[in-house]
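Before anything else, here's the structure in question.
Residue numbering begins at 1 within each chain, and the chains themselves are lettered A, B, C, D and E in the order written.
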Amino acid sequence: MRLALDVLTIVAVSGGAFFFLAGTVGMLRFPDTLTRLHALTKADNLGVGLVVVGLLPQAAGPREAAELLGTWLLVLLSGSVVSQLVARTVFATDRLGDALARGPGPPR
Amino acid sequence: MTAFLTASLGFILVMLALGLVRILHGPRDADRMMAAQLIGSAGIASTLLLGAVNRSPATIDVAFTLGLLATFASIAFVKKGLSRLEVEDPGSAGDA
Amino acid sequence: MSIQTALELVLAAVVLGLAAWAVAARETSAAVVGFIAYGLLIALVWVALGAVDVALAEAAIGGGLGGVLLLSAGARLRENEKRAAAERPGAGARLAAAALSAMVAAGLAVAVLRLPTPAPTLAPQAAANAAATGMGNPITNVLMAFRAMDTLLEKFVLLLGLVGVWSLAADRLWGGNPGPRHQADPLGLLAFLARLLAPIGVVVGIYMVWTGADHPGGAFQGGTVLAAMWLLTMMAGLTDTPPVSSLRLRLVLVAGPGVFLVVGLAGLLFGAAFLSYPAAYAKPLIVAIEVAMTLTVAATLTLLSAGAPEQRLER
Amino acid sequence: MPHSAADATPMAGALLVLAIVAPMVGALVAVAAGGRHVERIALAVTPVGLAIAVAIAAAIGQGGGPLTYLLGGWAPPLGVALRADGLSAVMIVTTAAVVCAVGLYARANFRVPAGEAPTRSTFAFWILLLGVWGALNTVFVAGDLFTLYVALELLTFAAAPLVSLEARAETFQAALRYLIFALLGSVLYLIGTALLYGAYGTLDLVLLSQRVSAAPTTLVAAALMTTGLLAKTALFPLHLWLPPAHAGAPAAGSAILSALVVKGSFFIAVRLWFDVLPGLPCVGAAQLLGGLGAVAIVVASIVALRQERLKLLIAYSTLAQIGYLFLMFPLALHAGRLEGGGALGGGLLQAVSHATAKAAMFMAAGLIYAAVGHDRIVELKGVARASPMSVIAFAIAGAALAGVPLSGANLAKELLLQAASETGQWWWQAVIQAGGFFTAAYLVLVLAHAVAPAAEPVERRAAAQGVGAAATLALALCSLLLGLVCWTPYLSVPQAILSKSLTLDEVPKALTQILGGAVLAVLLGRWGVRRPGGSLWGLLAAAIAPVRRATVALGGVVERADCALRQWPAAGICLLALALAFGAAIHAGF
Amino acid sequence: MSGAVVFGMCGVAVVGLGLYSLITNPHPLRKIIAFNLVGSGAFLIFGAVARRSATTAFSGDPTPRALVITGIVVAFSATALAVALLLRLFDAAGSATLGADAQSSTADDASGR
């Protein structure tokens, strides 16, 4: 049982780390703000989520587990709100058409 | 197990450091905001992992607090269009 | 080199990178973002150093209020960038400053590395005297009992800081509400977030004060979270700062140091000494002070972040 | 361990608590009450605070020894102790006296007139005044390095907004400069605190003094803390913030800032070197402090004589006087150790004299400003007639500061001179004398303009301020008569010097000094355009013209150097260089 | 090499960086950030000091940690006051720098009369 839990931890945390890798690479390599936003949301939601899932078997008790899940929910909430805000600022500063048409390196 | 968690923690920290490059390049505030958000999430994940490594349950409180405040920087970023003396016209405030 | 040390080195390197970024960034807004990220990582460092109480304080200040304060200031000062850049010192001065800073840091490094071993510590003494207060968190004991004077003075620092900020109001706006007025969010996103987060935050803040007696947490950390939530509802346009002329507000501002002083003076008159607690009532008294201080800290930090009165009283 | 305050004298020791708490309670009640109550509360607290201060002095005088109070009953190193010795008592009483006088004076400007709404400055001034008072009292009695840090910050936060109460752009800039530079100073002090705690496991001053040894960590801590405190005290060349801040504040604020606030960090520097770090080789550091003080006297005095505005002249004079205070460090050296003898007594006495006199000078300048609507020195003709009380008060305070017989400054000078001859350092005697001449010079410069008859009678802008003028005069007289006070239980003042300073041969000395000051003022000062007249004066002016051209050019060079040093990067580089220099100076003694 | 040493040195380096920025960066807001960096470096040194005495019985010395919490409060008030002053200066003067000295109008005229 312990072993199974440990395997779960290793798999999930590794998965979380992978999504952080993916998110970071996306942040760095994707050409414009909106696609980068797409990368960000994956890292946010799944990265933290999988780390939380991985740590659940290591938690000392139900309270800790609940707090872990709560942290994830907060991250989900803030992630979605922030991506909304980012998208809106992008749309507000330059219209979507502009941003898409010009492709990489959005206008300042 | 501790060694694995520590290594994952180190990996996520390196990812976090790479995210800095985006803050560096921008080119605009929206990108910086996202990079900051990514750094925030990575920081929260790191804090959780560090708590597990150190076996200190109170550390989750720190991660929880960070999660609670994770939106703050971004909100301040978008609200700044409004943070003027009240004499200014609030009509252009559609971006928030 | 153990994996633990490797991790610490990575963490320290990232922290230093962020600090360097906050220093070297060309644009102020980029530097501010770097500094906010730095504050987040510093919270992690405090966890790594085994000081969760400090990590909580740093997370709440660095991630929340401090970031908001600096970011909004940076946005208002955007036009100042060029003016300031014109006063950039010459290469010679920068070189001299860099060399001297490096030398001072080197001297400091020697001093830290040459600290005596075994390190002197007050931890055993603090633990031995913990019974006098009945609190399990040694840091709360230091803050509320052994070095209560510092904490009391710190509250006056906050209060005077706020009086200083208020003293910057334009005369015609005196008595009005501190800070800019925030428009309600037309699409309701921020309002939604604030309605969802603020209750959670309030519970978390109260929990931090309550748990601070025996576990990491305390009045300052809890108060800071409460302040952040208040600020959030303000930024969402749901609430506004109370006007400076409000008596209720000013009573809250003096409640913390006031209760602390009353308890302290009672100790002077009826007990052993100023700021001493009678053994039987130590814990309830300290909790009472902490509750009052939490309210004061929350109000003071919010208003410090909001700034000088910028809205007319009539409105 | 609680309730082990056996060695402390609880009743008298509680006075130390009250000295801190009284202004704090006042500030709290004032914040809560607000409006027109603020001023009344502040003025109600002042006599209480003064009484507490006097009681502390009396208790120390009678008990003969220092007072100690263990806060919460917790003994150091775990707890924090309050301690007061003679030095603390002197500073506490001085502070209380100056605050009372300034409080009376400030009623004219910061009272809510009947029928008008309270304003921003009537609210802030009184609370900040109480804050400064409480912070200073904490500085004087705190027995713990970190408590001192918090008190220093409290002092800064109360002082910086005083600078910008008049809400002009340049005062905001001055306040911001002051605040940031002072914060830099205090953070350096804080780093030193961390190092000392790491090395010795305590922050208590007495315990530290027993444990401190000559180790690298101590050296770095001492260098950083000293530099930080100098930045907050504005010792040359770290003075960039002081002239605009002290000149830009309202007169009552300037009086507090110049007379009291800079003394807070100075006092901690004295405590640090005399009480906490006797285990450290201090010869080099003390000579460095004295050297900086000497340069400060010369540079600041020359620049002071070239100022257009009276308040800036007084601010620069403060810089020179701060330099004077630091002369006591090399003079207190006995066999490689700092010993609190006549030199320490002289230095503290000078601090007290300066506090009272400088407050009076700024208050007098404020009265002059109120009377004629400006403070440009060359246009002060006829002021003596328009506002005689203020000019008389200014003259008395200036004379007291220059060290005329009976004054505290005179006694301080004698003490320092004697210490110089005892320790065989004649060159400091020259510096001390020069300081006296320069002080006389700016007094002569201002008075020469103020008493000159005006072509047409000067129009008074405002009605005479009876209470304010009386408070100013009282402070000035206080400074003038400090030499008559019996200092014995508090400061080490040998009876011989006391009686010597009261003999008749002091009079020619004083006259020489005034005359020398007049010469300096003529050579270096800024004079208005004089009407051409073939009088004796004209002839004399023609005769000295070549000399004056040379000295004025020299003054210009000094002023430009001062201006360059007051640039932020230059001051910052000086700060770091000084920290390294202090480190090297201490290291040389290892 | 322990965590105390690593983070102590990190704190020292942050102090150095902050000092450099505080001196050379002309924008007052950057100076305020730099002050926060120096302060944070000082706190890290406190943290290292506290951690050095960690044993199996104690995770470290609580006193320096309590001092850091007090220090954080003080540093935040300082930041808020400085930012408020800076914004007010900007509003009043249209620009906010610490360089040009509004007072020194007497720089060059050497002739007194």
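As a convention for this text, contacts are C-beta pairs under 8 Å (C-beta built on N, C-alpha and C of every residue); 3 or more make two chains touch, one makes a residue touch a chain.
The structure presented is a predicted model; accordingly, all values stated were derived computationally and were not measured.
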Touching chain D and also chain E, the following chains: C
For chain B, the least number of touch steps when starting out from chain A: 1
Reference chain B; chain at largest CA-centroid distance: D
Two chains sharing the most C-beta contacts: C-E
Per-chain Cα centre nearest the global Cα centre, belonging to chain: E
Label of the chain whose CA centroid is most distant from the centroid of chain C: D
Between chain D and chain B, distance of the C-alpha-averaged centres to the nearest whole Å: 47
Between chain E and chain B, distance of the C-alpha-averaged centres to the nearest whole Å: 23
Where chain C and chain D are represented by their mean Cα positions, the distance between them in whole Å: 32
Junction residues of chain B - those touching two or more other chains: 16, 29, 33, 35, 40, 61, 64, 68, 70-71, 75, 77, 85, 94, 96
Where chain A touches two or more other chains, by residue: 74, 77, 81, 85, 88
Shared interface positions of chain D, touching two or more other chains: 78, 146, 150, 153, 157, 160-161, 164, 167, 172, 191, 195, 198, 569, 572-573, 576
All pairs of touching chains, each written as two labels joined by a dash: A-B, A-C, B-C, C-D, C-E, D-E
In the complex, chain E residues that touch chain D: 15, 19, 22-24, 26, 28, 31-32, 35, 38-39, 41-42, 45-46, 48-49, 52, 63-64, 67, 70-71, 74, 77-78, 81-82, 85-86, 88-89, 92-93, 96, 98-99, 101-108, 110-113
Sites on chain C touched by chain A in the complex: 187, 189-190, 193, 196-197, 200
Touch list for chain C against partner chain D, complex: 89, 93-94, 96-97, 100-101, 103-104, 107-108, 110-112, 114-116, 119-122, 125-126, 128-129, 132, 145-150, 153-154, 156-157, 159-161, 163-164, 166-171, 174-175, 245, 247, 250-251, 253-254, 257-258, 261, 264-265, 267-268, 272-277
Interfacial residue positions of chain C with respect to chain B in the complex: 3-4, 6-7, 10-11, 13-14, 17-18, 21, 25, 27, 29-30, 33-34, 36-37, 40-41, 43-44, 47-48, 50, 52, 55-56, 59-60, 63-64, 67-68, 71-72, 74-76, 180-183, 185-186, 190, 193, 197, 200-201, 204, 208, 215-217, 221, 225, 228, 231-232, 235, 310-312, 315
Interface residues, chain B side, partner chain A - complex: 1, 4-5, 8, 11-12, 15-16, 18-19, 21-22, 27-31, 33-35, 37-38, 40-42, 44-45, 48-49, 52, 57, 60-61, 63-64, 67-68, 70-71, 74-75, 77-78, 94-96
